[in-house]
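Can you keep this structure in mind? I'll have questions shortly.
Residue numbering begins at 1 within each chain, and the chains themselves are lettered A, B, C and D in the order written.
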Amino acid sequence: MSIEAKEEFRPKIVAFCCNWCSYAGADLAGSSRLSYSADIKIIRVPCSCRVNPMFILRAFERGADGVIICGCHPGDCHYTSGNYYARRRMTLLFSMLDYIGVESGRTRVEWVSAAEGVKFSQTMHEFVEKIQSLGKNVRLEDLRCRK
Amino acid sequence: MQEIVNRAKELLADGTVKRVLGWKAGDLPYNPEPAYFEKEEDFEDFVYNGFCGANLSKYMIEASKLEGKTLVFLKPCDTYSFQQLLKEHRVDRDKAYIIGVGCKGKLDIEKIRGLGIKGIESIEGAEIEDEAETLKIQTFYGEKTCAYKDAMLERCHVCKGKDHMIYDEQIGESKETKDADRFAEVEKIEAMSPEEKFAFFQKELSKCIRCNACRNVCPACSCRKCVFDSNKFDSSQKANVDSFEEKMFHIIRAFHVAGRCTDCGECSRVCPQGIPLHLFNRKFIKDINELYGEYQAGADLEERGPLTSYQFDDAEPGIVAERR
Amino acid sequence: MTNQKKQAELIQEISGVNPLKCMKCGKCSASCPSYNEMDIKPHQFVSYVINEDIESLVKSKSLWKCLSCFACVQRCPRDVKPGKLIDAARQIVERQKGGDYLTADEIPELLDPEIPQQLLVSAFRRYRR
Amino acid sequence: MQRIGVFVCHCGTNIAATVDVKKVVEMALHEPGVVHAEDYQYMCSEAGQEKIRAAIQEKNLSGIVVCSCSPRMHETTFRGAAERAGLNPYMVEIANIREHCSWIHKDMEEATEKAVILMRAAVAKVNLNTPLKPGESRVTKRALVIGGGIAGIQTALDIADAGYPVDIVEKTPSIGGRMSQLDKTFPTLDCSACILTPKMVEANAHPNINIYTYSEVEKVSGFVGDFTVDIRKKARSVDMSKCTGCGVCQEKCPSKKTPSEFNRGLNNRSAIYTPFAQAIPNVPVIDREACIKFKTGKCGICSKVCQAGAIDYEQEDEIITEKYGAIVVATGFDMIKLDAYDEYAYSQSKDVITSLELERIMNAAGPTGGHLERLSDGKAPKEIVFIQCVGSRCADNRGKSYCSKICCMYTAKHAMLIRDKYPDVNVTVFYIDVRTPGKNFDEFYRRAVEEYGVNYIKGQVGKVIPKPDGKLLVQGADLLDNKQILKEADMVVLAAAIEPNPDVRKIATMLTASIDTNNFLTEAHAKLRPVESPTAGVFLSGVCQGPKDIPETVSQAGAAAVKAIGLLAKDKLLTNPCTAHSDELLCNGCSQCANVCPYGAITYEEKEVNDHGIREVRRIAVVNDALCQGCGACTVTCPSGAMDLQGFSNRQILAEVDAICR
């Protein structure tokens, strides 16, 4: 057994949150002091439809263990239809990742409104647990980028 | 073939078209290549036979910039690509004179070689007029035969049909060659375990040399500058260091053509490494058909593509995990 | 899974009907020519399936009183098709009885040239197992 | 290379209690581009902002990162501070180390580590920030209202009263719309004309309102604050300035066989006509399809009898081009066609009518002079059946999936009026649900039952069978009594579903306003922006947005007017600089981005470009900054990466991803 194996696995998780609903939901989770794992790092985007598949693949390439995208609930998009496009794009992308053998649990889309601090915290909690159970992302990591 | 040549000469002579886009014989009996014909004498080299798999639609992007009309020969499946390009304003309908040519399935030299036929000198039965069921192949080692069907490109086994989607006139008869399920291969992979899937694609994609042939031949992959060549995503093309890079390239490539890919199969035909690239595109097509309703890119000019439209009750991305 | 639940699902599968779409408007009962003969009325079929009380449905008089005229199917504004539900219940009964009265091979001999082809085809389609 | 300053806020103990702010400052100094880092108790305070200003000026900073609370809280504050120090406000990025870090983590080491990573991501982003400047666009202080029904009239009146000029474009020869066809209105039973006509007159007389009747919007270009609209004024064949509205021409016109649109085809009108007596303007039009003069060249009676010499057969369509700052759509509704509902015998019997036809029959100015009679034989009906939800709440493709909302109430009204005026007539209503939410609405319905004895039966009707003796056999079911009902009726009234005016699709396309599958215009936000279209500068009034009754329509009309006034009151519009831009060297011109743009902000131009020495004309996507709201949908649709979003560019987001995964 190497020394590395004894170390606790701390996953790297990127969360893309839309500015109007999910980022505000994360803020509400914060002001309600609803804790979730520090492994989650949030990137603010104007809308879930701003999330390019390139961003997700790049995160995996650079060693992320999981990527979650949060947006307004269908029907509530600030830009009326952005999350509908995001939903189709992400469904197809995730299906493709699953197809090439990447564990489907490493990617997730969740709709979180600005009022759903509890849901945000719970979702993040679940997602971290899922990634913990899947372990380190070895399939998609670009070895050059590992420290 | 003579009928095609005669008609092309006629249209050149009466000034309807300035040039003809077709296929000319290559240095071997089985590698004709796309070419322009501008004068009557150029047609000596013209061929149209079973090996003319090349989809000429993409060449029309450049031809649309030239002066005058270009006569282009399109097989039934090629017309989908042309129409999709038309939908995306990449080709000019007024600059094209389309002759829809008949097709009885195109041949794959790799399939013939795969049958153990080597040292090929000439091939008989690949001409378009023949109704030959078998190919007679002269080799260094004597005459060999093989069934026409066994030498067909994968895409012809899942042929989209005999109808030209767009044309000015039609010459020649087409034959229905579909005898396989278009999504059978995809389903096979879908049924694998994640480990098997990963191993399968790692094996296939590790062959990729990033020659970009798939990208260059693809009628949907017709960006002026590919994202993998620009600095917009810090993703400029470079030599592969590890297996993820090709995966990223091929996933993104397939994603960029998702909903626009007509499944013409050119990517797999031209890959020098024999990677079944169509499996990526077809996975997206299968998902689109299942989740958002049957859609065939290039079948019409009006309908919105599946990634530029939506329904209120579309499936949630979580369906990917549920379907497993 | 209980037997009742299985049967309720089977009914939905055979009929291709989602009973939850019903808004209880009663147009089916209003359209039904056999209404007065029935103990369970067409608009009630749906709730029997939702409540998984297939036994009562199967024992009801209505099961054999429905003429399969499909007026309710055609007029239902919610695409619920009560006629298809009761038809599916009948098929369940037929299937449970088991045993084919006829095999496909025997048909040609018995064939009355006056019988419309479509009738045969639809009968086979409906009562195949 | 940027010169970046990092400012770490303690937020009292809100941040400092769990995040080692000194450590964050120390780590910041190792980041590329960072030349200054400091921490302070309250960065948002006057003193904190002063520190930021001082550092920007002393250290000549080109960008700053504030590690503090959520950007939703204080981004504007810090942008303001930067701007006052002479730094472009868009060179500020916030690392949210309070809501997303200190408040949710307890372990100091863990929280500090995360705060450092969030700081790094913000620094990585700001390294790629570019100064942005909000654009400005001017506002034309004039509004256009499309549709002259009660919604359009009310909106126009409200805007005009605020002092802005308004044009109403109405397709038919008169304003008034559907409301002018109604007899009485619920829940107070006042006469529709009595409350509508004064408003029509007021609109006509208002100095700020200009009405184009018998006109249609033909073309719309431009954007919020600066629309240019072509209006086609169809040839009326009557000179509006000369006509006195005496009506002699209509009386003498020999062609009187055209079904009257206003009376829903229940009687005929002349070829030269005004739709109804109180029409505004009270100037007739010649229906050239029906006019004998236009068909054969002979006749010309109207011209002969017109004392004012107003008839002008030579008149031609006229195109008026006008500029507007705001556009309000108020195109209203119609009843669905009932061809698909053969079971109700609408096309088989004259005595099966729609409720709007009943309105005309009940109206004193209607085809029967207000007498309730059967259209087949003119006899007074003794038994009337109302059928609810005809084509509403339908999942099949024959009808509409939605509830038309107004039918329950108007049916109660009809039933009550009939019972009041003709107590010997029996009225039966077949319903699925009676929906009466609204002030005094349920009381109104209860009165119909309790005081007027209207018979309500729960159950949809299956079939209406016309009998040889002229009666109608109604086959229904009473679901509560569980029995089938066969009822003989003299008249059947169908509450047909309402649908948006079919023309609205054409108008929505011109305005690039989005429209749903039922042809209702989509609002910018279902709850918070219900009277605005997602397309900036376009507002929605009345049933074009969804089924509504008159009070609702009038309040929405007022709300739309307020939104339009709010826009027109501005001299200039500042536009959000975080908009999409297309790189003309990379753009394929493939139109995919325009397909996903909810604002119609993307158009295509044939533009000459110089691509490394190759000069050619290319089809290029062009984003209108005034319309783009910066969602970024187009950037992902663009396969070549030509489309990028300022402030959230591909490279900025990737830099954040890289920093987090480092």
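The definition used in the following text is that a contact is a pair of C-beta atoms (placed from the backbone, for glycine too) under 8 Å apart; a residue touches a chain by one contact, two chains touch by 3 or more.
This structure is a prediction, so every number in the text was calculated from the model and none was measured.
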item	value
Selected pair, greater C-beta contact count between A-D and C-D	A-D
Centre-of-Cα separation between subunit D and subunit C, whole angstrom	45
Centre distance in Å when subunit A and subunit C are each reduced to the mean of their C-alpha atoms	48
Inter-centroid spacing, subunit B versus subunit A (mean Cα positions, whole Å)	36
Residues within subunit D bordering two or more other chains	596, 637, 650, 654
In subunit B, residues with contacts to at least two other chains	227, 233, 307-308
Numbers and ranges of subunit A residues touching at least 2 other chains	52-54, 58, 75, 81, 85, 89
In contact (per the touch rule at the top): chain pairs	A-B, A-D, B-D, C-D
Subunit D residues within the subunit B interface of the complex	583, 585-592, 595-596, 604, 611, 616, 619, 637, 639-642, 644, 650-651, 654
Touch list for subunit C against partner subunit D, complex	21, 23-32, 35-36, 41, 43, 71, 75-79
Residues of subunit A touching subunit B in the complex	52-54, 57-58, 60-61, 74-75, 81, 84-85, 87-105, 107-109, 139-144
Parts of subunit D lying in touch with subunit A, wherever the complex brings them together	70-73, 96, 98-101, 103-107, 110-111, 113-114, 117-118, 121, 514, 522, 524-526, 534, 578, 596, 598, 629-633, 635-637, 645, 648, 650, 653-654, 656-658, 660-662
For the subunit D and subunit C complex, residues of the former touching the latter	343, 389, 393-396, 398-399, 432, 458-463, 475-477, 479, 482, 484-485
